[in-house]
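Two complexes, one shared chain (chain A), two partners (chain B, chain C).
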Partner chain A sequence: MLDALFEGLLLILHWKAFAFMLLGVGLGFWVGLLPGLGGGTTLALMLPFTYTMSPAEAFAFLLGMHSVVATTGDITSVLFGVPGEGTTAATVLDGYAMAKKGEAGRALGAALMSSLVGAVVGALALALAIPVVRPLVLTFGSPELFMLAMVGIAFIVSLSGEGRGGLRRGFLAGGLGLLCAMVGQDPQAGILRYSLGLLYLWDGLDIVPVLVGIFAIPEIIDLAVRGTAIAGDVSYGRLGKGVTEGIKDTFRHFGLTIRCSLIGTFIGIMPGLGGGVAQWLAYGHATQSARDADERKGFGQGDVRGVLGPGAANNSKEGGALIPTVAFGVPGSSSMAILLGGFFLLGLVPGPDMLTKHLPLTLSMVWTIVLANIITVGASLVFINQLAKLTTIRAHLLIPFIVLLVFIGSYTANNSYGDLVAMLVFGALGYAMVAAGWPRAPFILGLVLGKLAENYLYISTTRYGAAWLGRPVVVVLFLLAVLVIAYPFVQARRSRRRAGARCAS
Partner chain B sequence: MVVSAWAVLAATAWPWKAALFPLAIGIPVFLLAAAEFCVAATGRRASAEALAVDFVASQHVDRSLALRRTVATFTWLIAFAGLIVAFGFSLAIPIFVLLYLRTAGGEGWLRSLVLSLVAWACVHGLFVRLLALPFPEGWVQAGLRALP
Partner chain C sequence: MRQAGRRWTLATLAIPAVVVLAVVPAARAAQPYDGKTITIIVGYKPGGGYDRTARLLARHLPKHIPGKPTIIVQNMPGANSIVAANHVYNLARPDGLTIGTFNRNLPLAQLTRVEGVRFDITKFAWIGSAASESTILTLHSDLPYKTLDDLRKAEKPIVIGTTGPGANTHDFPLLLKELLGFNFKIVSGYSSSADIMLAVERKEVDGRAGSYTSLRPFIDRGLVRPVVRARATEPGIEKLPVDEDLATAPRAKAIMALRSGPEIVGRPYVMPPGTPDALVKIVREAFVRVARDPELVDEATRAKMEIEYVSDVEALKIIREVLGQPRDVVDEFSKYIKFGD
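Presenting the complex of A and B:
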């Protein structure tokens, strides 16, 4: 194994493979930065260019590009409140809030360093887990994946406000998201649901324009209303100093960063859950790391932990997603499904051969993820001060360019004008939610998880009848979901008891 | 409440396979929405604690000014969408940037023109030339082309 690890490193350090990796990193840097240019789409666009490359060069190029997309996607999320990637939406909640408080540098430092830690954890998981992951992947069938989606939905509680009113609104927003997930053709019976007679809605709502609209439009409007720069009247000097603070935050909350990296790795390993889930589960876990209700209120208003959690999970899921892809030929995400195409193009068959005959190549993927992220984070840190300066530009100079990003990002998802309309409609909805104090994150979580949950529920009931409810892992996950819902109440009760004891003394 | 009621009513017309999940979600959502409506109807306001884990819109701007700017920004967004449909991305982008910077931004002609060209060049260079993404022409160009 050590020999293969060393051989994998040498494969990557060969000048041609390294050059292709750098090219991929450069491409991935901009793909992540620009909303709408999805990592998956770009992976598909780049596949034909790998025809003439050797396997090591091809994977250095493709993975070098794809593994840094989430890293730089966090940058746009922090600076402009526009998710650069669908998987970096959660970073907007606290990252952009920090930028508005003049802490853009700190948020960027935290996002980048936590991304690097997450990438290393995911890569390590890939290196260590491949020989042992088979029983884990085979244990998780449709019932377990459905219950995992329920655990994810239970995290809606963590993303809602306090008290009965906050929870009610959180669940309403999540329920609305789940209903929106059902728009389009029903996968079981082929019935058109909630399509309003529109051809555009036959395939359901695309996540990209909805995400971009619901997050970016309210921020653009708020920026226009304020009329100041994103960072308000904060002087630039303070912005620059925050980067080191953000990097230190990653190690100050190292336990949280590692836990969220493991969450991302686990979600990445589970085929069919998708990257969008990892960020929200990690964010929900980060909010639960708050010691009391007062601390929890800081989330969404610029708590650095709200940046660390999703930042780590987004990158660790890449290594995790590669595990079932390489070991079993079962793609861990939609991007991995595209990467599988690369395997076949290069004459490789995922499975036992990748763990025996081609083990050095598999381990070169580990090195690619680590090196690509080190290079990207290093390069970003060099430019971070210039990037942070963007938050001091006057709103009216910045708004047209942010609007361009939003519109192009929404349009290029499917090259459809309908996506522009969807983006505006959900933008208006997002603004109304913000104005009325309703949480947006549960809506997105419901939208992302709804289709998955319905599919797995249907497969579970068809295949197992009611017996799936008694499966051990299902029971454990059910108890975990109950724990996730109960935890904020327990925490609030403990806070009240402590406050009562303080008053008494 | 209205949306969830409609969702539930629509689902009752479908076969059970298609209706199961919408009903399982729609009915609780309707009940929760009804509870929220009752709370709002009694005049009770959400407490500070109930406010979401999310950003809070700026409070320090005068309400009427905030409303005017909100409406203006939405109008600009809708207008840009209209420009895209009418003229295509290639023309809509510089027109929008120029008009926005001149009217809403109060910028001078030179700066507005330069930034419009920069915006067009960046989008054209990256999306059209490098990535060969298809931006269709607008209705105006298509209409002019169709003229004899």
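Presenting the complex of A and C:
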């Protein structure tokens, strides 16, 4: 194993492979920054260029590109409130809120550093998981995946506002999200649901225009109304100083960063959950780290932990997602499906062989993820201060640019005007929700998990009847879901008792 | 003097003009694609089989078209590629610069009168098909079933995982169950055929159907073994029993034929209706040549893809056959099969 690890490193440090990785990183950097232009599409476009490369070079190039997309995607999310990638939307909630407080530098520092930690943890997990990966993935059948989706939905409790009204709103928003996930042709009877007679809705709502609309539009309106810069009237001098602070934050909340990285890796390993889920579970978990009600309220208003969680998870999931692709030939996401095409082109058959005979190559992928992220984060840190200054540009100069990003970002999802309409409709919904004080995260959680929950529930019951409810992992996950739901209440009681004790003394 | 001068000027102007007029069209006609850009519109997102085939062709076609045009691929996903077909049929200009490729089952959408179809599939300027897709059913190698009779008489239902109605993973085993009495339990809703494969591996389901291309790596690995195939075939699976041959009732045969017919036109390529014949002919000839191009063949083999040109005449013949089915067969067909992915 150690030999293979070293051999893998040598493969990637070969000058040619390394040069290709740098090229990939350079490309991925921009792909991540630009909303809409996703990692998957770019992989498909770049695949033909790998025909003449050796496997190590090809994967250095492709993975180098792919693994930094989520890292730089966070930058756009923080700076403009526009999700740079579908997988970096959760960073918007607190990242952009920090930018508005004039802490863009700190948020960016935190996002980048947690991305790096996440990538390293994910890669490490990938390397360590190799011996147990097959049994681990095979334990998670449809019933387990359904319960996992339920754990995700349980996080709505943590993502909702305080008090009874808050929970009601959270669950209603989540329910609306679930409902929106039902749009399109259903996979059991093939019936069109809520498609309103529009061809665009046949395949269901595309997540990218919805995310861009629901998060970016309210912020653009807010910015236009305020008329100031994003960071209000914070002076230049204060902005840049935050970067080191953000990096320190990552280590101040190191436990949380690591835990969120592990969540990301785990979600990545599970094929069939998709890339969008990890960030939200991590965000949900981050909100649990609030010690009392006041701290909970801080989430969504610019708490750095809300940046660290998703920042770490959306990078660590890449290492995890490689596992089913490499070990089973079963891609965990659309990007991985394209990468799988790359395997075939290079004459490699994904499967058990990749963990034995081709282990050094598999481990060179691990190294690529780590090195690509170190390089990207290093490069970003150099000019991050300049980037943070973008938040001091006055609104009327910045808004046209952001609007352009929003429209292009939505349109690239399907190259359809329907994308723009969907973005505007959900933008209006997002604005209404913000104005009325409804949380948006539960809605997204419902939307992301709805289809998975429905399909896995259907498969579980048709395949196993009611017997699936007794499967051990299902029971464990069910208890976990209960715990997630109960946690805020336990916490509230504990903080009340603590407050009581303080009064008494 | 002045008049003569003018006449002379006119003549000098006229001669080159005549020459130019005579020569230019001739030169143009020889190289209509000189310096042009052809767009291939794909009815799906990047990454799938239709997209990969289109991108492969886009790389190798130019050298077979006089004038070496640039060829780009544009993805226009939506409604299982009805959106793309509607676009190519109604909006794209018939100037020879647009090629469309979409879901092979669109003739079935037209036949079963799916809402949203705004085209007559026979009226496209057909190039042909770039490949045929053979659907097969595979079962986990550990299962004891030896003969097809075993599948009928299996004590407990054999669980087949599928992605959902309209996909060949679903429709093919569904007809085997409904029309041939195989003891199957169809479990649909997996997000991709790869996910079903994993379910086979963890024995949540016993088997899956799909295109031979996508199943071959798993057959080679020994995870599953092929059992039955549909009409379209490929080297390596010719000897498998064919579903239509197993049916005794003519109605059942017709329904199965209706499902599998479009698979021979597995990767349809068309141009907008009204595209000048001369241009369509150039592109057709390029397709014939590109399918034999050693560079393309090498690349396709490595990518585990099969490129085999099916001519426009043959493609249209099959599609007309599909569309010409009597109403009662179509009605019964629609009972089982929904148009989809």
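In this text, the second predicted complex is superposed on the first by the 503 of 505 C-alpha atoms of A that agree within 3 Å, B and C clash if a C-alpha of one lies under 4 Å from a C-alpha of the other, contacts with A are read in each partner's own complex, and residues count from 1 in each chain.
Criterion: contacts are C-beta pairs under 8 Å (C-beta built on N, C-alpha and C of every residue); 3 or more make two chains touch, one makes a residue touch a chain.
Note that the structure is predicted; figures quoted are calculated from it, not measured.
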item: Clash or fit (per the criteria above) of chain B with chain C on chain A; value: fit
item: First, second, both or neither for A:172, with chain B first and chain C second; value: first
item: First (chain B), second (chain C), both or neither touched by A:44; value: second
item: Between chain B and chain C, more extensive residue contact with chain A; value: B
item: Contacts of A:54 with chain B and chain C, given as first, second, both or neither; value: neither
item: Chain B versus chain C as contact partner of A:199, first or second or both or neither; value: second
item: Chain B versus chain C as contact partner of A:495, first or second or both or neither; value: neither
item: First, second, both or neither for A:420, with chain B first and chain C second; value: first
item: Which of chain B and chain C A:287 touches, first, second, both or neither; value: first
item: First, second, both or neither for A:385, with chain B first and chain C second; value: neither
item: Overlay on chain A, chain C to chain B nearest C-alpha distance, Å; value: 6
item: Residues of chain A that lie at the interface with chain B and also at the interface with chain C; value: 45, 186, 188-189, 191, 415, 454, 458
item: Touching residues on chain B, where the partner in the complex is chain A; value: 3-4, 7, 10-11, 14-15, 17-18, 20-22, 25-26, 28-29, 32-33, 35-36, 39, 46-47, 49-58, 61, 65-66, 69-70, 72-74, 76-78, 80-81, 84-85, 89, 93, 96-97, 100-101, 104-107, 115, 119, 123, 126-127, 131, 133-135
item: In the complex, chain A residues that touch chain B; value: 30, 34, 37, 45, 93, 96-97, 100, 158-166, 168-172, 175-176, 178-179, 182, 186, 188-189, 191, 193-194, 217-222, 224-227, 287, 293, 296-297, 299-301, 396-397, 399-401, 403-404, 407-408, 411-412, 415, 417, 420-421, 424, 427-428, 431, 433-435, 437-441, 450, 453-454, 457-458
item: Parts of chain C lying in touch with chain A, wherever the complex brings them together; value: 45-47, 51-52, 55, 59, 74-80, 82-83, 86, 115-116, 159, 161, 163-166, 185, 187-192, 194-195, 197-199, 201-202, 204-205, 217-218, 220-221, 299, 302-304, 338-340
item: Chain C contact footprint on chain A (complex, rising order); value: 40-41, 43-45, 48, 51, 137-139, 141-142, 185-191, 197, 199-200, 202-203, 271-272, 274, 324, 328-331, 334, 337-338, 340-341, 344-347, 349, 351, 414-416, 418, 451-452, 454-456, 458-459, 462-463
